[in-house]
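There are two complexes below, and they share chain A, which is joined by chain B in the first and by chain C in the second.
Right, the complex of A and B next:
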């Protein structure tokens, strides 16, 4: 990336000239002001990071830039021409394209069709030509290093990570001038592919806006960053000069303690709470492990190694094809999340896909939080608004969620606050075993800390936690023990100080033997 | 670190204001319910200009009595719609309730009020069969309820040999014809019904579950909602409501016909939609539906008072449903969009 610095002076109009200028943009949804005042400047051939806490207005800014919504005030210029897109297609007309965090692919169309939408290749009769669509889809895939993906496959058949890659590839294909990547690595376990694509796009002179919560990743690919806080752009900083602490401070308004706390290793009696033996199922080839009371057990794995199946099976969503699960010594025969919640000391699940499996849009955040344990707060089958709110507020406090959000429709909250609400709900369910699938996915630093603290407190009170994370530092920071899944089996198990990123990575890619030596 | 512009000033100014972004929101349902009530009253008062006899207290009473059928019926329909379904078997179940009340109770022992729950139980059975077909066998709701409707009506045709006989059971007549505290008893009954219905839909655990199911079935299941049971409940309640309406109609007109429920299907859906519920489920309140039912009834009374034909009335109702749907379009398209994605 740095290699381009000398060339910069000579190619003033190719690299470094203003590709996208945003000034004073604001957007309100009714009385809710999502974005108060944002300034932003993107230069051709450069990557700018957009940083901010959940709810800072990042998503709204992205939606404005992509043409999904129109700003109430402010001006935007692309290559010195006024830019007022009224739809995603119009934005594309100005060669501005976005890879959305909440993917925008059509699940029941093929990969190739999705890549070419909205203009599918026509045959001589003016109808869509399947063969041409496939050929062109294949071309696009190979251009972006994805030739391993079958262009004829229905998108819904692909794992989440590949769907995200397709989304990104399609955006790059349409982004002649400006490329917006909203949390492009949220579902990707490694960054090699995406960085390669970004560098290629930069070389074409595309200006890139990169939105991510992972600061290490941002430092690797971006040179400067614009920080949003509470709907305003606070500052643009050069990433080389700013420390992590500086940036966090700008994001949250106060300093964040980022020192790693070593997981407490008090001498507990290892009383097993969950015993899994030889669990078989779709993508699971015999998994056995135990979770003790008061223990936080991490699961590390590359994508698609059976972690999803493991969690869904333990949560009661899918039936195991073999093996047993015991909770508190009783063989678990539950067949739904509801039964799981009430089985023995209870099992509660935080789902992977927040949007489709987690939140209930149209209901308030408070209702979303109390839903799993409504009967507990009800009197004779009826709920008073007061007890609902009080219970939700207590749950919100455990994850440091601002209580004024409780009366909002959960769909109007930012992704991070939705995640906090769901996390608060899982913690408050009363279950003694929590299954957390990527509990901090798409969540900012401040929120992460509060979620970690909540998980730790839960474990210290005797609860058991099984959590999967796509971010290894999280496992290192949080887990008492860690399982590494590979191909539906437990490849390695680490505990205590042995949990280190390099060891986990080695085991995750299947090098367990060499590492063990 | 370097700031691209003078940010210190920005930041200190910001520290004072904090997060100034707004909070207050009035729910769309509330606005809708108020709007419907206002239109309703305006219509009644406005009707005086057409005909001085309209808009009087006795006119209001008539509207409430006639509207009581629709209020009870659209409670059930509203619950079904809330979970994303649709109940097309209401006319058949109304007829079932009506004919059981006349041909069975009316013919054997009109004083046997204790047999009325049995009638409702039979109606609940029809709803249960629909529910099983929809939830377990995954038959689309409109096909399943339409099929049930044909089966029930055909069975009734066979049972009555085409001509229902018998009069109204005493209890039904008492409900529709007597008065309490100077008000027709049925109005008192419906007020009670509305309170119970509102409590159930908006304040009960079961009601919350129905909303959750209507918004996102997968998320509801993960959140521990008993989705199988709670998807079935609305169809049973809906059938019971239809049974009640059948009995009420019998009490009102002292007899049953094989087509007595026909006029109520579209209004039952219209009342729910006008009341601000989403036809795709997950949104709406029973009070809104009550407003919708009364508005439709008011319109119906005015139309017949003016002397328009019944056909015109149906056309107007159809147009109202379409207009209501168009007004809710933004939301409709959003939901369709999210399904598409």
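Right, the complex of A and C next:
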């Protein structure tokens, strides 16, 4: 019953009708102004992009629109009726729903239960019926092209990409009028599925707000974009007329050079730092490679080709089932990230999922940064607040993180700033080998540039970097060499100018003959 | 597992087998159930009288107050909370029944309702403090426990008084000489739990315990769920106080205190995670039963009661380590 309601409501609205009007919305947390003045207009059946740097106020605006927080000032209208949601449930009542960037699925419930929360399907007795919950869950999954997912599976058992898909499917299910997608592709390696879902929702007359840092995909699915900067909505532009440079300029306030390429390496005799031979594991079927000193080695792969297992193995989080890893010629025997950090010249890992693996909420950003190497900055076992701050400050500088954020609880920072803090921590750890898993996930253009610079500088100074990225341009821009993983094996290896997007893609999908052409 | 190519006929693929049904009732309590049965077998071997209806009822009567307290505590622990007020509620209920004994079945029913009301009231206060005022659960319930202990002392200064005879005899009796009444009380609580599990509230308890923020973002009213869990818990503590009074037949303003830590031990022994979101009431009841059975076994083996605590603690550690190992093996598959 309930599931049909959104569709009906959608059909009544002609495309182009004003679905959501936001004017002059602001929000401050104490003295910190998170959003100063935002205007936004969504039309039924259209997709609008919301662009902005980290800390520009995107997350706050999303929270306001979703009913998580109430704005201090400003007005919102949904389908010409005042819209003042005080909770997510109330927002859903107005048929506004959000797929959150940090994913709002409950890990210990099944996929079907999560899809139906907070009201599960009941039998005639008024009790939750397991079977009906599963049936309804299955219906929803198949409606969104996800029937391969078992609705009875506990969410914690799913890979991040499928969790993101379920988050999106649930939002679409609840969004009869307005759908908000906050970084919906952060954990997805390809966009086919999500674009298909967006087009379907658009045809029902749903207005969609699409938030992403990936301009290429924004151009593909959105017609216009609203740009936020420093908590203010700067402008709304048609994407056909604006160049990437124009948009970056609006976001950052000045021009950004995005075409910089890796300078060809000067011939120096390579000294291997990490030697991996025939590594076997859960999703790894014999992987061998070397990373030299001063080298940035990229890993490209579609989802689930073993990249996660590779990184977790090298980081000491999971034990390899076969093969060896040598750091500086010593066989690595570490069994935890902590031991890894102190093994030989040190190995430091930036995890994939910052919410559960990276940050420690309740502590300040500064403490989060210095935590792994507290013993190093401690004097006789005590840590002075000043040396903690100084160390954190230096780390923050390497990733161009605003110093005023250091004293905040890390949980209160935007996703991008959290990522910066973690990146700063990884760089500052003193380890000579960095394992970076999607280091710029959910990070804006300006920050990306500073993270790239930091990685390059680290390599210039003789450090070794292994990084995986779901964004190919990033690998092209940054890597000295690149491995393409396919089915737990290294399908191809590219180096120097051979690293080009089309070559990588061909190898990623398992096509190995392209090099001859 | 499920045939995804035929989404229109899913029910056929989901015929619920007896085994899955049992698994759902037991809810991760299989481990503790196994320990209990093994221990009981050993008990039966060293003490032939153990299998008589009289001994079973005796053991059951000893177990029930702790089992109910642990069952109540489970509601809160599943929510990733702590609840120390269990000791206070049991004490208040006990002294109330000793100071104002109401005779006959009607009086017993009224007494039981009074206990439930006392528990619900304390639970509501806890729920408001933790759920709505967002106090830390240890601090808030420590405060309510101290207040309740104080109230119990005001009602009855020193051990004494008499619980009504009807409660003392009937609640510890056996139906048709076989089925212990106290066992029926536990069975009724289990039944209610199974029903609660099949409500939105029941599912929400697990969701809030696992990830409060995600639960809130999924549309769950976290505050109400949390408060509800404390109220349910309080009512079960009240019932525990009622059953304890039937056992002791007298009032003692400190009667709840010994049950406090044992209740936590029973919950942990049952495998309910103190980090929230995992476990169930059945497992906690079995945890409580195991602790009490262990006492009996040690007594029958001629080991001084001074050693009981050492054994109980060791069993707790072993059970937690062991269930952790089993969980890890399960995850690897």
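Simple rule for what comes next: the second predicted complex is superposed on the first by the 497 of 517 C-alpha atoms of A that agree within 3 Å, B and C clash if a C-alpha of one lies under 4 Å from a C-alpha of the other, contacts with A are read in each partner's own complex, and residues count from 1 in each chain.
Assume contacts are C-beta pairs under 8 Å (C-beta built on N, C-alpha and C of every residue); 3 or more make two chains touch, one makes a residue touch a chain.
Please read all numbers here as calculations on a predicted model, not as lab measurements.
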{"item": "When chain B and chain C are modelled together on chain A, clash or fit", "value": "clash"}
{"item": "Contacts of A:332 with chain B and chain C, given as first, second, both or neither", "value": "neither"}
{"item": "Chain B versus chain C as contact partner of A:317, first or second or both or neither", "value": "first"}
{"item": "Touched partner set for A:148, first chain B, second chain C, both or neither", "value": "second"}
{"item": "Chain B versus chain C as contact partner of A:246, first or second or both or neither", "value": "first"}
{"item": "Touched partner set for A:106, first chain B, second chain C, both or neither", "value": "both"}
{"item": "Chain B versus chain C as contact partner of A:508, first or second or both or neither", "value": "neither"}
{"item": "Of chain C and chain B, partner touching more chain A residues", "value": "B"}
{"item": "Touching partner for A:114 - first (chain B), second (chain C), both, neither", "value": "second"}
{"item": "Chain B versus chain C as contact partner of A:33, first or second or both or neither", "value": "first"}
{"item": "Which of chain B and chain C A:139 touches, first, second, both or neither", "value": "second"}
{"item": "Doubly contacted residues of chain A, that is, touched by chain B and again by chain C", "value": "103-107"}
{"item": "Contact footprint of chain A on chain B as seen in their complex", "value": "1-5, 7, 10-11, 14-15, 18-25, 199, 203-206, 208-209, 211-212, 215-216, 218-227, 282-283, 340-341"}
{"item": "Chain B contact footprint on chain A (complex, rising order)", "value": "28, 30-34, 36, 39, 41, 103-107, 229-232, 234-238, 241-243, 246, 253, 315, 317, 336-338, 341, 349, 351, 356-363, 367-368, 371-375, 378, 381-384, 404, 407-409, 425, 429"}
{"item": "Residue ranges of chain C in contact with chain A within the complex", "value": "1-2, 4, 7, 10-11, 14, 16, 195, 197-200, 202-204, 206-207, 209-211, 213-221, 277-278"}
{"item": "Partner chain C, residues of chain A touching it in the complex", "value": "68, 87-89, 92, 100, 103-109, 113-114, 117-120, 127-131, 134-135, 138-139, 142, 147-148, 150-152"}
